[in-house]
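After this come two complexes, each holding chain A, first together with chain B and then together with chain C.
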Partner chain A sequence: MTRHTRQFGPLLLILVVVALVPVLFGVGGITNLLEQVFAFALFAMSYDLLIGYTGVVSFGHAVFFGTGAYVVGIFLAHSGGSSGGLLVGTCVALGMSILLSLLIASISLRIRTVYFAMITLAVGQTFYVLSGSQMLQPLTNADDGMTVPLPVWLTHDRPVYYFSLAVLVLCLVLLRLFVRSPVGLVLQGIRENEGRVLTLGHSVYRFKSIAFVISGLMATVAGILYVIAQTFVSTGVYDVSISLDVLLMTIIGGIGTLYGGLLGALIIIVAQTEFTNLAGTYPIFGRYTILFGVLYIVIVRFMPRGIVGTILESIKRRSGQEG
Partner chain B sequence: MGIFLTLALNGIVNGSLYFLMAAGLTLIFGLMRVVNFAHGGLYQWGAYLATFVFATTDNFVLALAVGMLIAIILGIVMERGLISFVYHNENGQLLVTMGIMLILTELIKVPFGPSELSSNTPTDLSNSWLVGQVVIVQYQLFMIGASIVVFILLLWILHKTRLGMIVRAGVYNPELVEACGIAIGRVFTIVFALGAGLAGLAGALAGPYLGAVTPTMGFDMQLSAFIIVVVGGLGSLTGSFIGSMIIGILTAVVSFYFSSLAVLVNVVVMVIVLLIRPQGLFGERESAT
Partner chain C sequence: MIEMDLELAHLRVDYAQTTIIQDLSLNLQAGVSMALVGPNGAGKTTLLNAISGHCPVQAGRVVFGGHDVTRWSVDRRARVGMGRSFQGIHLFPHLSTLESVTLAIAAREGTPTGRLFSRVPEQWQQEAHTYLQQTALSHHAGKAANTLSHGDKRKLELAMLLALRPALLLLDEPTAGMALAEVPVMLGLLEEIKASGKYAILLVEHKLDVVFRLSDEVVVLQQGSILAQGTAHDVMADERVQAAYLGGQHVEST
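Moving on to the complex of A and B:
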C-alpha cells in the first residue's frame, strides 16, 4: 500500500494540479498550450512503447498521428461536426491504424533495425506527399488544409480541455496495464536480450508486431486529440519534423519509463512556443531546430536514460544503499 | 518514342546523382554498420557552398572542389567527434546522425536564408543538341560521365589497392583486421570521409542541374538514397548502382505523368522488393539482429 502511494502519489498530485488549471488561470492561452501537450504526451508515450520497450527506432511515427488527425478531421468536416462523425471517424482511424501498422511491421520488423528506421521514414514521407496531393483534394483540401467543426458539446475551451485530459489519463492507465502484462514483460525481455527471448521459444517478431500495433493505435488517438484541440488539420501533421519532435520528447523524458513522455512533451511544446514568440523579435530564435539537433546528440552521449530515467535510477540507488 | 528516350535520359541523369549518394551510404554501412542519417545534410552543404563559390568566382572546378571539401571536413569532424562514440550502439547511431542532420539543415539557413538560391550552369557546359526528337544537354552528359568515373574509381580502389583490401576484409571481420595490426579506426575515418566527399560532390553537381538549391533538398535526396540502398541491398556497390538507375528512371517517368507521386511509386517498389527479397536485390542474407 505504501509502495503504491509512493509510486502514484506524485502522479495524482500532478493530475489534480493540471485539472485545476482552468479554474485557477481561466481558459485561453495556457489551456490551449496544455491541450497540445496532452496530445503530444500521449504521442510520446506511444513512441516510448516502441523505442523503450522493443528497442526499435522509427522516423515516421507521424504516419499514425497524422492519420488520426486527418481521418477524424475529414469525418467531422463532412458530417458538419456531429458526434456521430467523431465516433465513426475515430473507429475508421483506429481500423486504418491497425492495418497500416501490420503492413509496416510485415515488411520491416523481420529485418535489421536500421531498415526499420529507413522504411518508416519513407512511408511517413509518402503520407505527407499524399495528404498534400491535388488528387485527394476533394477529401483533404490538399495543401490548404481544412478547418474542422466540432460537436456542440466540444465547442467550448473547458470541455475540450477536460475531454483531452480524460482521454490522456485513460490511455496512460491502459498503456501501464499493457506494459505490466505478460506480453509487456516479454517485450522488455526482447529489449534487454533478444536472443534469449528467442531461445525461450517466443516469436520475437510477433511480440514486436503487437507492440507496434498498440503504439500505432495510441499515436492515432493522440492525433485525434490534436485535431480536436486545433480544430484544423493540414499536411504538417504528417511532416517528418513531427516524427522527429516526438522522438526527442521521448528521449528527453527517458526511454522505457512511459511517464517520461509527459515531461518531454511539456518541455518541447513550451520550448517551441517560446522560441517562436522570441523569433518575432530576434529572428535567430527561428532556427531553434539547431538546438533540438544538439539535444539529440547530448542526450545519447551524456544522458541516455533521459530526465525521468536518471531520476528513477538515482532514487533506486539511494534506497538500495539505505536498505 | 521521343518522349520515352527523353525520359530515359533524364532518368539516367537522376540515377547518376543518386548513385553518388547511395555509394557513400553503402560504403559506410558496409564497413562500419552505420547508416548515416546525416548524409543528406552533407549533400546540402556541398550544394550550397558550390553554388555560392560559383556565383562569386565563376570557377566551376573550384566550386566542385569546395563543395566536396566542405563535406569531407564535416564528415571527418562528425565521424571522429560524434559517431565514433556510438559504434556498437545502433539506436545511438540513428539518433546522433539524425541530430546532426537537423543541425546541418538548419545551420545552412543562417548564412544563406530559408528561401531557395538559384544556381547557374557554367557556360562551357550549357550547350545542347537535338538528336532525333531528344534534346541532349551537355551538363547532363557531364553528370553521367562524373558518376561513371566515380563508379570505376571506387571499384578500382576496392579491388586493386591496399586500402580497398583492408576495407573488404573489414566488412567481414573488423576485429581480425585490427588484430593484424591495422588501425581500423583510421580506415573508418578515411571511408567516412570518402562517402562524405561523394555526397558533397553530388550536391555540388545537383545545384546547376536542379536550377536552385533549397533547404529541403537534403532531406528529399536522402529519402531517395535510402530507398535505393534498401532496394539495391545495403553494403553492395553494384546494388547501389543498379538501384540508382531503377529509381532514377522510375522517378523521371512517374513525375512526367503524375507530378507529385514519384515518392509513392518509389516506396511501393521498395515494399515489393522487401517482400520478395528482404536483403535487397544485391544484398547478402543476414538474420535480424
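Moving on to the complex of A and C:
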C-alpha cells in the first residue's frame, strides 16, 4: 500500500459514503443535520489552524462565523435571494473578514497570548450586541433575526447538500495545502517555540497575522454555509457559546490534526440534536451542556490529543514498530 | 563589500536596577573566534543577549556589518546574519530534525508569504539533509527533536545555526550538559566550523580546554567589564585573571 493510499484512502472512502447519503437515506432530516455538521466542521478546522497549528487561543472566533452568516444573509434577504446577492455577499463577507482579522491582529497579536484571547472575546461580544441592536434593525431585523431566501438553484435539499459538501472539501484541500506549505511549517514552529522562531529570523507577528487571516476566512465561509443550511440568521451566530462549542469540537477531534474538526463537529452537532429531541420526553436531557462539560474533562484528562490525534499517534507508533 | 564585523561601543546593560554590563567596548572581526570567559555573574550571557537583541541596552551601540542594530528586534538582527544558540536546549520539541533545519533555511531564504498553498521546496529539504549529515544527524532525520539524546539536541542546534549561513555565531556554552563521550564530537564539529573561516564566532564557555581549542582570542569579563583580552595563553598567564577568575590557581592549557 503506498503512502498516499494509506493517507487518503480512508478520507476518500468517507467522502464517497457522505456523498451517497442523500441517495441511500433520502433528503430531509439527515442531510439537514449533515449540512450543519459541514459548516461547523469547517469552523472547527479554521479554529484548529489557530490553536493547533499556531498555538494561538481565541475566545471570539464566532466573530468571523457570524460575519459570514450575517453579511450573506443580509445580501440575500435584500436581493430577494438572487445568485448575485449570494456572490456579492460572499465577496463582501470575505473582504470584511480580512479587514477585521488584520485589525484585531494589529491591536492584539503583538501582545501576550492571554490578552489576544481577551480581545477576541471583546470584539466577538461587540458584534453580538451590534447584531441585536435596534439601530441596525432595518438591516439585521435586530433580536428577531431574519429569514434568508436562497437562489432558485439552492432551494432544494439535494443541491444545498452537495454545494455545502463541495465547499467543505475545497476548503479542506486548501487548508491541508496551507499547513504543509513553508508558511505552515513556520506556524508549527511558532506553536512549538515562538522565541526560537524569532531568533532564527522569522517575523512571528507577520506569520501569526497570516494564520489569523486564513483562519478568519475559513470561519467566514463556515458561517456562509451555516446560513445557507439554516435559511435563517440571528444573533446566536455571534454568541460566545458558539466560540466555546467550536473549541470543544476541536479538542474532542484532536488539536493540530486538522481532520479532528470533522469528527468533533459530527459528535457535538449530532449529540446536541439528539439530546434536544430526548429533552422533549426526558427534561433532564435539556441540560446536555453539563454532559459536554464532563466529556471535555474526560477528553482532556485521558485523551489530550483528541480522538483523531490519539488514533494517528497509535498508527504512527505501530508503523514505527513495524519499521 | 561590507565586512560583517561586530563592534560594541560603550555598552551598558541594566537588569532589575543593577548594572550587569558597564561601558564595554569590543571589536570582533569576520573570521575570528573569540571566547568570553569569566566567573558566574560576570555578564557573559547578558552580553550575548544584548548583541542578539534578547535584552535591551541602556547605553552604547551594537554595530554589525555596518548597521547600527542597537534598537533592532531579534528577528531583524538574525536576518542580517546573527546566529544564536542558547545555554539551555531551545528547539522545536515535536518537529522532526529535518523540519527544524528546514525552518532555519526558510528563515534564511525569506519564506514566500505570497505562496500560501505551495509545498516546501524540495531543494530546501535536500539542503537540510546536508546540514544533518554535516552534524552527524542524518540517521535521525525523521525523529522528533524531543526524542533525541542531549548531545544530539546540541548538534541539531548547530545544524540549524549552520543552515542560517550566519556571518556571526553567538554560542552560549555549546557543550553544556553533554556526556563526556559526546563532547569530542561536538568539539570536532566546532573546530571544523572555525577552520572554515566563514564565521565570526563569539563563544561563552567555562571549560578551558574548549576555550583553548576554539578561540583565537579570549576576553575575560568581571562584573560586566573587560578584565583582560588577548590570546588564550597570554590571558591565562595574566595574574589578575588568575586571581579573579581562578582564585589564584595557575592554569595550564590541556
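Following the convention adopted for this analysis, the second predicted complex is superposed on the first by the 322 of 323 C-alpha atoms of A that agree within 3 Å, B and C clash if a C-alpha of one lies under 4 Å from a C-alpha of the other, contacts with A are read in each partner's own complex, and residues count from 1 in each chain.
By definition in this document, a contact is a pair of C-beta atoms (placed from the backbone, for glycine too) under 8 Å apart; a residue touches a chain by one contact, two chains touch by 3 or more.
Keep in mind that what you see is a predicted model, and the values were worked out from it rather than measured.
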Contacts of A:His202 with chain B and chain C, given as first, second, both or neither: second
First, second, both or neither for A:Gln188, with chain B first and chain C second: second
First, second, both or neither for A:Gln125, with chain B first and chain C second: first
First (chain B), second (chain C), both or neither touched by A:Leu174: second
Superposed model, chain A: greater residue contact from chain B or chain C: B
Touching partner for A:Ala117 - first (chain B), second (chain C), both, neither: first
Which of chain B and chain C A:Leu136 touches, first, second, both or neither: neither
Which of chain B and chain C A:Val240 touches, first, second, both or neither: first
Partner chain(s) touched by A:Arg301 [first = chain B, second = chain C, both, neither]: first
Partner chain(s) touched by A:Ile98 [first = chain B, second = chain C, both, neither]: neither
Chain A residues contacted in one complex by chain B, in the other by chain C: 204
Chain B-touching residues of chain A, taken from the complex the two chains share: 51, 55, 57, 59, 106-108, 110-115, 117-119, 121-123, 125-126, 129-130, 132-135, 194, 204-205, 240, 244, 247, 251, 284, 287, 289-290, 292-297, 299-301, 304
Residues on chain C engaged by chain A in the complex (per definition of touch): 52, 54, 73-76, 78-79, 84, 90-95, 99-100, 102-104, 106-108, 111-113, 115-121, 124, 160, 164
Of chain B, residues touching chain A in the complex: 29, 35, 37, 82, 85-86, 90-92, 94-96, 98-103, 105-107, 109-110, 219, 223, 226-227, 229-230, 234, 258, 260-261, 263-264, 266-267, 270-271, 274-275, 278-279, 286, 288-289
Residue numbers on chain A that touch chain C, as the complex places them: 174, 177-178, 180-183, 185-186, 188-189, 192-193, 195-204, 206-207, 210, 214
